[in-house]
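Heads up, the next two complexes both have chain A, just with different partners, chain B and then chain C.
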Partner chain A sequence: MRHLSQATRELLRAHGPRYNSPRYDRRQILGLAGAAAAAAALRFDVAPAQAQGEPVKLGVVAIRAGIAAPVGAAGLRATEWWAERVNKAGGILGRPVQLVVEEESNPKDTVERYRKLVLQDKVEAVLGGISTGVTLALGPVAEDLATPWLSWDGTTQKGVEETMPNPKWAFKSVDNEVEAIVAGILTPKYFKGIKTVAGIGNDYSYGHDCWQSYQAVLKRYVPDVKFVLELFPKLGVTDFTSHIAAIQQSKADLLMCSFWSGDATIIMKQAAAVGLFKTMKGVFTTAGGVHDSLKKEFTPEGLLLGYNTMYFDDPKGGPLLKQFVREYKAKHNEYPPYECDHAFFNAESYKAAVEKAARGGRQWPEKAAVVKALEGLEVESLSGRRSWREDHVQMCNFYQGITTHKNSYDFVTISPVEVVSTKQAMKPAGAKLFDWINGWKI
Partner chain B sequence: MTGRLLVAAAAAAIAVAPLVASTYHVLLMLPFMAYAVVLLGLNLLFGYAGLVSFGHALFIGIGAYTGAFLTSHCKIRSLEVILIAAAALGALVAAPVGALCVRYVKIYFGMLTLAFGMVFHTFVLKFYRLTGGDEGTPFLRPSLLGRSLEAMPKIDYLVGPYYYYSLAVLVLATLCMWRIVHSPFGLCLKTIRDNPAKAETLGIGVTRYRFHAFVISAVYAAVGGALLGPPIGNVDPTLAYWTHSGNIVFMTLLGGFTSFFGPVVGAFVFIYLQHWVMSVVPYWRLIFGAILAAIVIFAPGGLLGLLEPRRAAVRL
Partner chain C sequence: MSQHVVNVLLSGVFHASILFLVAAGLQVIFGVQKIFNLACGSFYALGAYVGVSAVGWYTAAGGPPALFIVPLALAGLAVGAVGLVVERGLLSFVYERDETFQLLLTFAVVLMMEDAIRLTWGAAPRSTAGLYLVYGQTHLLGATVPVYNLIVIAASLAIAVAIGWLLTRTTFGRIVRATADNREMAAALGVDLRRVYAKVFTLGTALGTLGGALVIPATATMSEMGIELIVEAFAVVVIGGLGSMRGAFVGALVVGILRSIAISTYPELEMLLIYLIVIAVLVLRPRGLFGGAAV
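Our next item is the complex of A and B:
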């Protein structure tokens, strides 16, 4: 779907040659492109086929159905917000941004949609990708098609191992297990004297990897800790009665849960019904993704709750975050989750890379030059300064903290807010995760 | 005669597509050709034997995972070896599954095949070390007729040699299936479909014939599954999920299970319709659901049935 916001449409109308103008047919545009190519040949790093003022097409792949649809919607909304903002400010190098949105579904169909964006829609870059099951397939396709791909939340990890250590065109999200590592670091700080831990996560790689990583980290801080129970219900399960009974039966001091979607809310409700957290501490590494559904009536104070890379109510948040949260709430009647930050960062860093590669000029740079400019680039995102590591992995902060009812919302927030950088909580490029964790000096 | 001309024209169009069509549309032809192979087999069961399988994604998965496993873990890149291995493994798994399933008909057959399909899906999801779990297994670029073609850009490989290789497999599969359905075996299947009791009294081993049809259709599905893998590059459990089985039944209904080429047409229309509708509206599943309902109610003979309304509904 050609997904144009009102502001984008207006800007597209204001800039010629117009995208939908009947005065230009395909042949004429190709002719113009040919002329531009001849002119641009004077500089080797300038893309030949881009006329100034012509919209720059950016592809977006977003999940739009199923359990992860709210996550995809959040990323798409943030990208649209970014595009409107950029277009109001005059576009990128004078060219308005036009988003071309396709659905992220299963790997097979998403690979086909991705190829459509690049080969058919001729986008300059593709943004998005959430499920690692899908982005593992997209990574090699991005390399084949020689077009920058900036993934919101998907990696090219197989388990906790990187499968594409030296990509040229693929830019990937933070390692999947980082939030579990952050939680492992913070657990002994807030829950002293923990001796036994039970774990529950979804029955797929993310759930298993988070649990393994959390155990490895906690073991470093609390060597005599015992892991007494591990449960892996299927993603999408809505009845946790038996799981909660098993958790109660284990008499663990603490429950670690890596649920990230509606199941986090459901287990919280069902746990509240039997008073689970009256006798047990709780760590929810990723439930901040559904934060405004964690109502005070069933979510107790005192849990460790992770918000991934953006905490919407960060007291130290900058004016960009505050403006985004205000406008997002006004438009969508909810508070933005972390996926917005990944999406905004990807789009904003792409814009910054184009401008950097243009070296102050107005000529549109080659895709390869944009990729070069992205490496190591740092920009202001919703959550603050974020950057790309040299091996094309996102660097950012993770936000976790202790749940509190002391706020003006009907759901829990966190206080104090702990901010842990990926410099501390993500394995360095080329490192093996568990060797790296075991090598920590504590 | 007109039919033969149409088939020849379609074959010629497919053959020249890489020369005239856009790269993206040529790439879309790859899953079409893979599904066409799958559906030729599925329709032997559905259209000719009268058994609707809701678990054929099991065999697509077997074909795709065979290729992924051989290329990723065994360093076997030959597509000829992969296709033969996929066919053999498809037959091997189909034998016990088919032996149990073909004892039942109608909804019981459908439910049993669905159950076996989901057993396989759970297997590939759970046996992480062997299958890669939800993350799947890479299907590395296979060599074709002994030529590695590794140096060629992937897109050039797919729209060039791999395209024509897939086309050759499709043509071969079509000719074989044509022979099968026009053989005494095919005639017996039709008799069984129309009146199993009468077929039994004529001395036709109903269960045995259904079993053979099941195994042949599984072999076709496995070969088609192996062809699906290289364009994706990564094989994952969604290929073996029940919704995928549903999709191929939908393709068969869309094109028309009452005609030999109906399912092939269904695969083509499904893929290009999906390509178009997905880009236009996010609620494409709703539209596909409505199309399915419309076909079942107003055009049970599928698209090819619409083209020849005067002929009997079941003409196989």
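Our next item is the complex of A and C:
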């Protein structure tokens, strides 16, 4: 691969002014990572593709700084893996994929970079977007610029309500609160006799929405359950000892936690230090995002742990997942988190939509035809079959289960693995969340 | 009930111990150099990251787990040398300029340090795995207390005493206090301000990096961890009095314990309560509880 990169970099320079300069900034280097694979294909594997035209440029917006940087990095790595794989197989309609990577930061700057991707870099589509604060702003811009945008993990929800029910160009992630709903469904199955629950989540929309949704669902299954404490520390807090003292004092039967970053690791460690889970059950809806930091030394067995839409160690996982996990581990020395699956699905579904819209020909389809082809499209992703709902929301499975130490890793995994579809756990298009939950027949 | 009181108080004091080390670094630098060092939080984060790496190497080399605190503390102290680089390489050029320049420069260090940390250690959180629990737990009035928390509290207290001794009982301390009181007079009497500034800034930095290293077994590194602490350190220095070490000690205790009580009673008021006290101090006693005292 190293040998190919040098050769391919020379080839890429021939594709335009972007690669003419020998000096690369960080963005270009990351862009090159994906593009290098494209050129590798050009030179060594699918020479005819070069003759058929320029590489197809796909924009990627990825968080690379701050708390969500590991999530953004995972999405970007998976997209690069996908690009390499596609290019080795001949590209999309014979055109190799070239990724143009931009930073996802605050809404204002990200919108400007998004515009640059579409107007200046002239990308065919934009992939990515994690923070709903950012993607709420990107949605209308995507509509305005009339270029397909497929969001990894960001929605256009305000709280739990959809703000763009009928988009044309914007394709969005699953609703933010789905993993809390799944946890609410599974809690009474694994933790019988729960009467009191304490909750802790980050002090922003996701944390609050998850807590409200979890309460609404659990109340349907256990009508007399009491919610005795709610804590919402700010993102970035690294000392939860005072929060844990408050949780101990609440004497709740169960703690629900929607942390998804390093804070999940920290609270687990600090809770273990005072033996919190010796007397209390635990539900960690999203901590699977940092699964390999949940070491056995401080993460007990018997907790309900959510892995969002991909469980790297799924015993029923297909060959694609196994290959990805193996290669990801070899390259990055860690096991892939769920964001990889969102990113892979976005890119793979875009490819499938282009091929579907081309109707077996080699002519590159119009963007409008591609978004039409995306609606309802189902493809094989890392976690299995995933699809786009007609209103442009991802449909997939959620993986949660009970933590176990019986594995060959130094961190916990889950067994049994529960798989819950968004068909069951996500509100239907146009529905109001709490009306929908309250209407369940249980 | 007593169990809960112990939990709340000890968690508050534990938080205060870390806050004290960072705020003490802030205070000693401000007291002598009159620079409000926004980068104190970044030094704290740097100490945490270096601490994780040091413990990682120590563990990989087969060092006994019970002694991990030795390489941890040594790494935290050693990386304080970065203060010398920042002081000589950057700050020494702006001493004669307006305070705004100095503030902006230390803010630039915050941003640069964040990128440098990300480039070196990556964006993923890092931790020292289960070493936090190596020393086990003890029981106090029915409450389970991690022994490591007690070690951090004791270390912080020992450092407070050591700094007090350093500043009041040694020649270096007398020179530092003289410089803090009147730098022109000190210079006229033959004090080499360049050396004093370099030493003081390095000391202030080492307090922050040591704080970061000591806390890391109980938590995990996150790129924003420094910023979060700066906000609280501000409250500590305003309450305690800018430039005062005793102020840093008392201010850290006030903020740490109040925060803990607020989280246990009215969690929504956590920051509001602390900053209400900050406002009260600013209005009623603008110099802080120990303001005006020379370092």
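The criterion applied here is as follows: the second predicted complex is superposed on the first by the 390 of 442 C-alpha atoms of A that agree within 3 Å, B and C clash if a C-alpha of one lies under 4 Å from a C-alpha of the other, contacts with A are read in each partner's own complex, and residues count from 1 in each chain.
Note that in this section a residue touches a chain if its C-beta (ideal position, glycine included) is under 8 Å from a C-beta of that chain, and two chains touch if they have at least 3 such contacts.
Remember, predicted model here, so these are calculated numbers, not experimental data.
Superimposing the complexes on chain A yields a three-chain arrangement in which chain B and chain C fit side by side. Of the two partner chains, chain C is the only one touched by A:D263; chain B is not.
In the superposition on chain A, A:V237 contacts chain C only, with no contact to chain B. When the two structures are aligned on the shared chain, A:A272 is found in touch with chain C, with no touch to chain B.
Using the contact criterion defined above for the overlaid structures, shared-chain residue A:A65 touches chain B and also reaches chain C.
In the superposition on chain A, A:E112 makes contact with chain B only, while chain C stays out of contact range. Counted by residues of chain A touched, the larger count belongs to C, out of chain B and chain C. Applying the stated contact rule after C-alpha superposition, one finds that A:A246 touches chain C and leaves chain B untouched. Once the two complexes are overlaid on the shared chain, A:G133 sits against chain B while remaining clear of chain C. Of the two partner chains placed by superposition, A:Q212 touches none, neither chain B nor chain C. After overlaying the two complexes on the shared chain, residue contacts for A:T147 are found with neither chain B nor chain C. For the three-chain overlay built from the shared chain A, the minimum Cα spacing from chain B to chain C equals 5 Å.
Within chain A, the residues touched by chain B in the first complex and by chain C in the second are 64-65. Chain A meets chain B in the complex at residues 1, 64-65, 102-103, 106-109, 111-113, 115-116, 119-120, 132-133, 136-137, 140-141, 144-145, 158-159, 163, 203-205, 208. Only residues 4, 7-8, 10-12, 14-15, 18, 114, 118, 122-125, 127, 129-130, 132-133, 137, 143-146, 148-149, 215, 218-225, 227-228, 259-260, 263-264, 267-268, 270 of chain C touch chain A when the two sit together in their complex.
Residues of chain B that touch chain A in their complex: 22-25, 27-28, 31, 125, 128, 132-136, 138, 153-155, 228, 231-234, 236, 238-239, 274-275, 278-282, 284-285.
On the chain A side of its complex with chain C, the touching residues are 64-67, 69-70, 72-73, 230-239, 241-246, 248-249, 261-263, 265-266, 269-270, 272-275, 290, 293, 295-298, 334, 410.
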